[in-house]
Amino acid sequence: MEGNKIHKFAKKLWPIDRSITGPGQKKTLSLIKEINKNLKIKKFKSGTKVFDWKIPLEWRIKDAWIKNSKNEKIIDFKKNNLYVVNYSVKIDKKISLADLKKKLFYIKSRPDAIPYVTSYYKKSWGFCIEYNKMKNLKDEIYNVKIDSSFSKGHLNYGEILIPGKSKKEILFTTYICHPSMANNELSGPSLLTFISKWLKKRKNNYTYRILFLSETIGSIAYISENLQRLKSNVIAGFVVSCVGDDRGYSYLPSKNGNSLADRIALKILKKNNIKYKKYSWLDRGSDERQFCAPGINLPVCSVMRSKYGEYPEYHSSDDNLANVVTPKGLNQSFLLYKSIIKEIEKNEFPKSYYSCEPQLGKRDLYPTTSFHNSFSKHQKLIKDFLSYCDGNLYLHEIAKKCKSSLTEIKKINQLLKKKKLVF
Amino acid sequence: MEGNKIHKFAKKLWPIDRSITGPGQKKTLSLIKEINKNLKIKKFKSGTKVFDWKIPLEWRIKDAWIKNSKNEKIIDFKKNNLYVVNYSVKIDKKISLADLKKKLFYIKSRPDAIPYVTSYYKKSWGFCIEYNKMKNLKDEIYNVKIDSSFSKGHLNYGEILIPGKSKKEILFTTYICHPSMANNELSGPSLLTFISKWLKKRKNNYTYRILFLSETIGSIAYISENLQRLKSNVIAGFVVSCVGDDRGYSYLPSKNGNSLADRIALKILKKNNIKYKKYSWLDRGSDERQFCAPGINLPVCSVMRSKYGEYPEYHSSDDNLANVVTPKGLNQSFLLYKSIIKEIEKNEFPKSYYSCEPQLGKRDLYPTTSFHNSFSKHQKLIKDFLSYCDGNLYLHEIAKKCKSSLTEIKKINQLLKKKKLVF
Amino acid sequence: MEGNKIHKFAKKLWPIDRSITGPGQKKTLSLIKEINKNLKIKKFKSGTKVFDWKIPLEWRIKDAWIKNSKNEKIIDFKKNNLYVVNYSVKIDKKISLADLKKKLFYIKSRPDAIPYVTSYYKKSWGFCIEYNKMKNLKDEIYNVKIDSSFSKGHLNYGEILIPGKSKKEILFTTYICHPSMANNELSGPSLLTFISKWLKKRKNNYTYRILFLSETIGSIAYISENLQRLKSNVIAGFVVSCVGDDRGYSYLPSKNGNSLADRIALKILKKNNIKYKKYSWLDRGSDERQFCAPGINLPVCSVMRSKYGEYPEYHSSDDNLANVVTPKGLNQSFLLYKSIIKEIEKNEFPKSYYSCEPQLGKRDLYPTTSFHNSFSKHQKLIKDFLSYCDGNLYLHEIAKKCKSSLTEIKKINQLLKKKKLVF
């Protein structure tokens, strides 16, 4: 079961101290490259202007802890990288409990979980702590230390390009900027790594581009450099995030709501009899925010398992590889995305190779002797089908026009593909 | 009555041994040329690739018969060219009744009719026979002979071009490949021959192109050579077939269903209070299959009498000039197509010659003295009408917008044409 | 109250002998220029061809009267310039009552009013007279005199351009060709004079162009010279006529019916709880006839008080500044048009300055620390709003998409404008 391999790979990525820049990102990408050598590791320089944003300085963190008056480490970054607010500035001082509490983040409703907190663009520092631990802190003087640094460096990203017969691209994007969290981070890149491995072994009709980006800033940077090509080549795209648990399915539409990506996603969910929660564009939260933004408007939607923000372990240490992300969940998602790709590869928008009607008789698709209505209903349907193969109608739309069933039309589509009459 | 002349001309064309190539086609075209010298006889060479097809070898047939053991001709091609499967290969042999029956085509439900059968693209032979004759055949040895040959030659077609003020073209197409059948063959070319004669005597706004083609292969060949021009110039087209009986009317839409040709056809049918059967694109069967095919999509529909495949005599010797096609039927169709042309020539999509309102007063269309509401309702309507003459609205659509009747709007259109305000 | 000033200015314009050309027009424009020096007085030469029309000769009139046999002036142009048919040719002769009556215009239903009559394009002469006066005329010989002349000259028009941040233009047009009438003439130019004065003191987002034209011929001439620019720059326009009485409101749509101008007008009428009569394009009667004509089709509609042709005093001496046009009516219209302009200036069609999402944190619009759902509903709404700022959706349409209220969305629009995120 591929799910086991993906889960194992996610475990390998788990301990890495990821952020939107820095060595954790590079390390993550190099591990992905071990699985798929096609990955190219690329970068944007700190300070580069990308639309309204600037690539931030690289953040590096060596250590961080809180010690109590007995010099005991009550918080230790080395035990869990979520303990420190991501992008915290250097700090090393003694501090009262009252002052310390102002710098602590915790989740009362999940008293044993460490929350995930970031402060990328405002210089700040803080710790994330289990609520149960926090409420038992004594009123004493604490020693807090964060050994972090900022330097000019790079935002890295990974890109896998798998060329197909057509230059038209299918885009898959995921993010590699969250530290040790499972569903809302590792499930995406782990799944896409194995999807890419599977894809490259296939002969594909379409070109596939798989992007491993820092969420938001990475996507914005990528779009700012590639907008022209994205606009002309991408016919469908998917933001792949939160694809590792086995509790349910979610669909979040593109802004347009009826793009090719949406129609593909909905068709596959229906085809596989998958019950899913249909979210609206207003529920969006990942990189579809950028890919569908004003001025961009690409055909990009998102098919997920439990959606970010909607499951209890989200953005906390509880979002782990033991209880949330499972081999079963990853395997189901792997199958689902394979199913999506296979469907795309089936060419759901059949286009006739020939102008005018093709010659069916010589391909055993029509009687060679014309005698009254000697053609069968099926043969008639083949002709009707072909008459609609303009490349802009979906199989189910053609079925409706032909007053036929989707099953029948799909059979004909397969048959005519085999006969090299449509692609 | 023009119907008599057309019927007489159809009779002249009747005995010719037509097929999709060969001397019968040339003979047919030369007789049409006698009526309208504007006809140009053109050709495609055998073996020429046209889209997915190849122009076939020329088929010639000298004789064909079946003799019984008493040497009596029980089937004689010279008596009716439908007796032989069109494009049959040469044969000359003795054959048992059992084997003969495998090569016989007949229609049980029309026991005295010879069916029409072809096998253009697969080498084969066969005979068509009356059911009553077939069932009385004795169990003896028969002598079958078909004296046919294949050779490199041409597929011929005829083209009549009648230039008008505008380069925009109205296309009429029909076929000249069926042997002795009346409604589903001769009615089309006979009618269009006389339509073309009538058209060339007129001064026309639009350019008319009339094509006499072999069905399917002829149209495909023509389109493959003329697609660019067809796409840019043809604003409406009609496949003219089955226009000779007097039993009813049929309309078969273009694939688009709402092309200019469709709207013109429907308007004329309505205008003339003609009851007609409305078919769907799925019921198509003639050259609209090519003119509306993927990659072609021209504005071409079909207005017929009893539609091919829908009347009992179809594709048999019963489809004749005595019982099926009548002078009356041909005359009605002649009137109908004249009516269509006249309607086109009326410029149903009025376009103002001027930007802004034209000056109506100096043309006696509006009071020159402006005194309260001294203009009449009619004068007001003229202004309303003109305000909609963008060249993309049909008279009845303008009528609706003006809350007026089509009659009234037509009068105004005529008036303003005369006044050189719209065209 | 601005209405008083506008009314006073209208009084100043009242006695001028206006026509579609001539000194009255120049005089009118020079008085407008006294209020707003930005006005440029421009002209078209007599005889200039403009689309289907020709700029007419200039008409000048010194005096005109009818004297009875006792040499008493029973009609005196100097008392009211409506007494003479506008563009009357020179005449000086004795005439019987019977013949005189053929040249008299009167309104039986308004027995004490002088009608307004013109004959611009056909050489003619005539007098307009009160019905009560006419019916008491004795059967005697009258002396009629019109001291008018025609000469090569100009059609004048006024143009005020108030540039804004954007080159996109809002167009206001009115006419300056009717003699002493109040609602259906002076209300328009008087109002726009003061609107222009108010506009030029503002810093505007959009460019405003205000045109004082002879109705019909002036607009046609202007359009013929400026069509290219009008087509590319004008995003909304309004024909400002009949805006002086205080009896009700009217809205006459553009030909398209759903142009930006229409939507702005309807939004403001609704916003101000104004009850109005909605006319149709068929009820049009002023320069929207030209601005929305075939080949022109600009986004121009009309918001009026009592519409021309629909109030009893229309086109007569009863349409005066005492009983019809009131300071209150003018003031209400002034407020309404200010309201329309203010709404336009609010940029109802927000467009993001940035591709992709802008960085909200650095602008204090979003938490800089990302901790669970630490963003507020309001902050979420900001992001939703921004995602729809493609520049083609109206605030209320965005509100609907965001499932928010217009009030809320307007607040956000204002906020983001201030933050230079949308314009």
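As written, the chain order gives the labels A, B and C, with residue 1 at the start of each chain.
Here is the rule we go by: a contact is a pair of C-beta atoms (placed from the backbone, for glycine too) under 8 Å apart; a residue touches a chain by one contact, two chains touch by 3 or more.
Keep in mind that what you see is a predicted model, and the values were worked out from it rather than measured.
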Copies chain B and chain C - rotation angle from C-alpha fit, nearest 5 degrees: 120
Type of chain A:chain C copy interface by residue overlap (half), same or different: different
Centre-to-centre distance between chain C and chain A (centres being mean Cα positions), rounded to whole Å: 57
Junction residues of chain B - those touching two or more other chains: none
Interfacial residue positions of chain C with respect to chain A in the complex: 351-359, 361-362, 368-373, 383-384, 386-391, 401-403
Partner chain A, residues of chain B touching it in the complex: 51-53, 85, 105, 107, 115, 117-122, 124, 126, 216, 219-220, 223-224, 227, 255, 281-282, 284, 289-290, 292-297, 309, 314-315
